[in-house]
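Across the two complexes that follow, chain A remains constant while its partner is chain B and subsequently chain C.
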Partner chain A sequence: MIVSIQLNGKKIVDDISPDMTLFKFVREHGCYSVKCGCETTNCGLCTVFFDGKPILSCAMLAARADGHRVETLEGLQKEAEEFGQFIADQGAEQCGFCNPGMIMNAIALFRENPEPTDDEIKRYLAGNLCRCSGYEGQLRGIHAFMEYKKQGGAACE
Partner chain B sequence: MRVVGQRIRKKDAMQLVTGKPVYMDDVAPKDCLIVKILRSPHANALIEDINIATAMKVPGIEVIYTWKDVPNVRFAQAGQTYPEWSPYDRLILDQHVRFVGDAVAIVAGENEACVDRALKMIKVKYKVLPALLDYHESIDNEILVHPEDNWESLYPVGADNKRNICSHMEESHGDLEGTFADCDIVLERTYHVPAVNQAMMETFRTACYIDTYGRLVVLSSTQIVYHVRRILARALGIPQSKIRSLKPRIGGGFGAKQTVVTEIYPAFVTWHTKKPSKLIYSRYESQIAGSPRHEMDIRVKIGADKDGTLRAFDLYNLSNTGAYGDHGPTTAGLTGHKSMPLYTGNMEAFRHVFDVVYTNTLATGAYRGYGATQGIFALESLVNELADILHMDPVELRLKNVVREGMVMPAYFNEPAASCRLDECLVRAAEMIGWKDKYPCRDMGNGKVRSVGIAMAMQGSCISYVDVGSATISLNEDGSYRLAIAAADMGTGCDTILAQMAAECLEVSVDEIFVSGADTDSSPYDSGSYASSTTYITGQAVVKAATELKKRICTLAARMLECDVDDLEYDGHVAKDIKTGKSVTLQDIGFKAQCFNDLALQVTESHTSPVSPPPYMAGAVEIELDKETGHVEILDYAAVVDCGTVVNPNLATIQVEGGLGQGIGMTLFENIQYSDKGVLRNNSLMQYKIPTRRDVGTLRVEFKPSYEPTGPFGVKSIGEIVINTPAPALAQAIHNATGGYFRDLPITSEKIAMYCLEHENE
Partner chain C sequence: MLKIKEYVKAESLEQAYELNQKRTNRIIGGMLWMRMSDAQIQKAIDLSGLGLDQIEETEDAFILGCMVTLRQMELHEGMNAMCGGLIRKSVEDIVGVQFRNLATVGGSLVGRFGFSDVLTGLLVLDTYVELYKGGTIPLAEYANMKRDNDILVHVIIKKTAGRYAYQAHRNTKTDFPVLAVAASMVDGKVKAAVGARPQRARLYLADAPTQEAAEALAAAVVTGSNMRASAEYRSHLAKVLLKRAFAEIREKEEQ
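Here is the complex of A and B:
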């Protein structure tokens, strides 16, 4: 079947199998930041934006994205870098495999709620599993990012 | 020190946080055949007939292999130095399948859909045999997991496949029975730890292709590139010179990837078809056919005096290695020799005996902690119980008996505790958690109880007399350096901390050094990243190589300046003849090295060690337990670690926090359950619950760095020890809240609630 999906701002028309997941679709179109960790919607690694909202791409058919906007970290490089450096400053990226999904969801969180409490952060990101960090370093990074944003987003690096 | 000890960003950090394509499936050739495995539905069976004719007709199928197609040469998948302690008990495919999930056929085709279709069309006729599922019944059972005559054990570990024994060993010191008889109190308990999974976020995976020279290239998510090469050479029956093994970034390992879990299948496909291929395990496959922790029963006996002097220790562990013996003998050894030495203080006698046995369950492997985790859960839990009986504070009881710097540890191969601040770790962890005020518990008056628990841990810093680490450092023309290693950065940051050590020696910044590896074609030999060895062993190789290289740089500079080396002043970037004031820059030296020069500014050094200095730590936890639901909320976890010199405080801290997270998971949630037919139930992250960020509570980490004289810059290790305290500390906190002693992991809410219900009126 033919679908037309706007992927990271670029319109892609493709002939796909009806059972293709959105996860497979975005990777086949070069968005390698999107990972799969579980196939059962438990890990959050495959998070992408669907019309601006975070969804799990392993649990959505590419066919359903026909006519919609899909974004991955490849399309959010500036935001990824701006936020990610605070994770990097903690060493909390570790193996890095879960980072794109977590960072996508963190970007979504801050778009919705620029000053979340710790409880709100933990709830929002609860579906983003990480096996390396114990999460504490990610939380420190998020705090540092919020502080930086509060100061007007200056003094990068 | 300028660079060692600094909070430096990981060299790959920004690439990782921006989602760049650096992992195996991001960089694998795009035209790979897709490889999948047909798996046995039976726990023990013989393949009487296997028919692939129909499956081969599926359009797109390239090849299907069965047991008839592979060499009849047994090998071990465990990534260990030759001769491995693990038995040679595997074939690539075997007519005899030994657990639910064992490999039956390899299918390769041009896409996933055709391979999935073909998998369903392979007709297998099994002769189903009775299965041996209970490891307590393994020894001398009439069901033999490995009846075959070409089963082989290379090392004298007491193995006997005709008795289902993968290993049996004994070790003792002092007059054990006499000391027990003389003690005021002797306490004995048995503990159980299930075969929990590493659950690294990136599942097992490998891609293979043929290179310019017709050699097999194995691009694998592995911690052990050199062992991969050796194991594949044996299994495929080809020379090691025909194989190149390399790793891209790894999405987590934790020991899982110290075993050759997936590599053999695409390697076999590519070697025979000469076409690129890849195998990516699903999470389901990683759970049911991975390489988890060894399930164990640990029986510990302690002899003590009324005043709390711990004098005699007897530890027996029965370890279930599952269908294959990878890492079986070695893990079981750690259960004793990385637990009991904690109590060297007043130890007069000890004994450690273990059996490692085969069953028709999932084969096990290496998981952070590697047997020590099981032993420490048992021993530390028993010491906490003993403290209750003696009416002593568990912290005081430990302080009276802990190993202290300068002591010789009989239960640790008589190695000296040359660097040890365990006592200070314990005092500080107790202080951080508020032990004096909070022990044992406070009833909150709303059905909830707040309580605390504490435990200590140790590990090693390498495998003594075995591990080899190497480093090659070379000076580039522009004055930058290349550091080549075959240790595997699996997210831990070893590329960065090894560069920090090199930078310290060479008097440059970390940014002036780039790191390459791990690749058997271009990295010097390294056993690989396991046994907590990289910082301690490979680190020392880096120091040796950097030191020698610096000497050579000065020699070449002196030649250029036509002066004596002794008259040279060198600051890492400029070499100056102090007599004439003339100087050359590092860049000048770099260019000179490549023009009319015979002094190689490239040095390779190796390191190995006769000792494995233990890091030590203490962990204390405060929980709030709901007696009605059994829910345990972790309020605060305080961990204080003596890992020797801390090379990079950020990365060391995250190691601790991550290890605590995994330890909390295995203590409270992560379970391994089989059906009565041997089918593993916890086969997805839906059933196998690893902690989310709402489950771990606040983790606080501090360091008490000792100085290890045999380590580079005084380092020991940190990678594994950090998973060892949560189980005993949480078990004690749960005891303090409920009165129940929980000796069987995981301690689920259900178990706690049932206990509270049964003891409501006490």
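Here is the complex of A and C:
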């Protein structure tokens, strides 16, 4: 079946199989930041934005995304790099596998709620599993990023 | 792995209903549960083009299309103000935001999952489901019906002034609940729903939201064992969570 999906600002028309997931679709179109970390829909590694909202691409059919807007980390380069640097500065990751999903969802959090409390941060990121760290480094990175924003860092859209 | 031969974006409920009568065809909600199965589906019937993803507020009710997501329910201010945040509390620990942006209220109720926070929470509200062919029936009745091939079109939550509470226990964040308890007091009548027993949520009635009533009710709750907890542990939790829920109801202002 033919679908037309706006991926990172570019319209992509493709002939796909009806059971292709959005996860597979974005990877086939070069978005390798999006990874699969589980078979049970609960690790958050495959997070993409669907019409601006974070979703699990492993659970959505690409067919359903026909006519919609999808963004991956590749499409949010500036925002992702800016925030990712604060995570790296804290040495928050070990293997780094969880990082793309974590960054995507943290960006979604800041877009919804630019000054979240610790409780709000933990709640929002609860669906992003990291099996190396205890999340403390990521939390420190988020605090440092928020402080930078408060001091007038470039605005997060 | 789930296999799908054909994807059909339904153009009407009638078309979706007709297609859903065939055993090998399947409606897709958020697909989160479905994707974990090995089903071979002939036609996947997508309802996402039928405008059923909105929460409408009328004078006396909130009407949720079956494709409304758990996240929409969590964030809806009017609905949560009506029930003292019961709906938000019942869904906010389900996996993560990205998951709740997909999981639908329709799929959650049709599944009649034993572990369901969604079913547990909605059971103590004045909730009805509107089925395409089966008409509008109370959720408590629907929860006990055998699954058929009808389509759940809307969920209707009547606005009812009362006091509401939700309590659940999880072994670890984002896991299924080990036990879930919702309680309400409307016009002096106390209702409690206990879910994840691990069987499907059931409704119980009490005379007053007292500690004694909570103990008596907990003793009547039938629990079972699974990999998350033993029946004994769940029975103990039933006592604790019912007491907490009833205490919350006593302390709360009427919404």
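Methods note: the second predicted complex is superposed on the first by the 153 of 157 C-alpha atoms of A that agree within 3 Å, B and C clash if a C-alpha of one lies under 4 Å from a C-alpha of the other, contacts with A are read in each partner's own complex, and residues count from 1 in each chain.
Keep this in mind: a contact is a pair of C-beta atoms (placed from the backbone, for glycine too) under 8 Å apart; a residue touches a chain by one contact, two chains touch by 3 or more.
Note that the coordinates shown come from a computational prediction; the quantities given were computed from them, not determined experimentally.
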Touch test for A:59: chain B only (first), chain C only (second), both, or neither? second
Chain A residues touched - chain C or chain B, whichever exceeds: B
Looking at A:88, would you say it contacts chain B, chain C, both, or neither? Reply first, second, both or neither. first
Check the residue A:39 against both partner chains and state whether it touches chain B (first), chain C (second), both, or neither. both
Contacts for A:105 in the overlay, against chain B (first) and chain C (second): which applies, first, second, both or neither? second
For chain A, give the residues common to its interface with chain B and its interface with chain C. 39-40, 42, 123, 125-128
For chain C, which residues count as touching chain A in their complex? 2-7, 9, 28, 30-32, 35-36, 44, 46, 48, 92-93, 95-99, 101-102, 173-174
In the complex, chain A residues that touch chain B: 17, 32-35, 37-40, 42-43, 45, 72-74, 77, 80-81, 83-85, 87-100, 103, 122-123, 125-139
Of all residues in chain B, those that touch chain A in their complex: 7, 9-10, 12-23, 25-26, 113, 198-203, 249-254, 282-284, 490-493, 648, 650-651, 653-654, 656-662, 684-686, 690, 692-694, 696, 698-699
Where on chain A is chain C touching in the complex? 1, 18-19, 21, 39-42, 44, 47, 50, 53-56, 58-61, 63-64, 66, 105, 108, 123-128
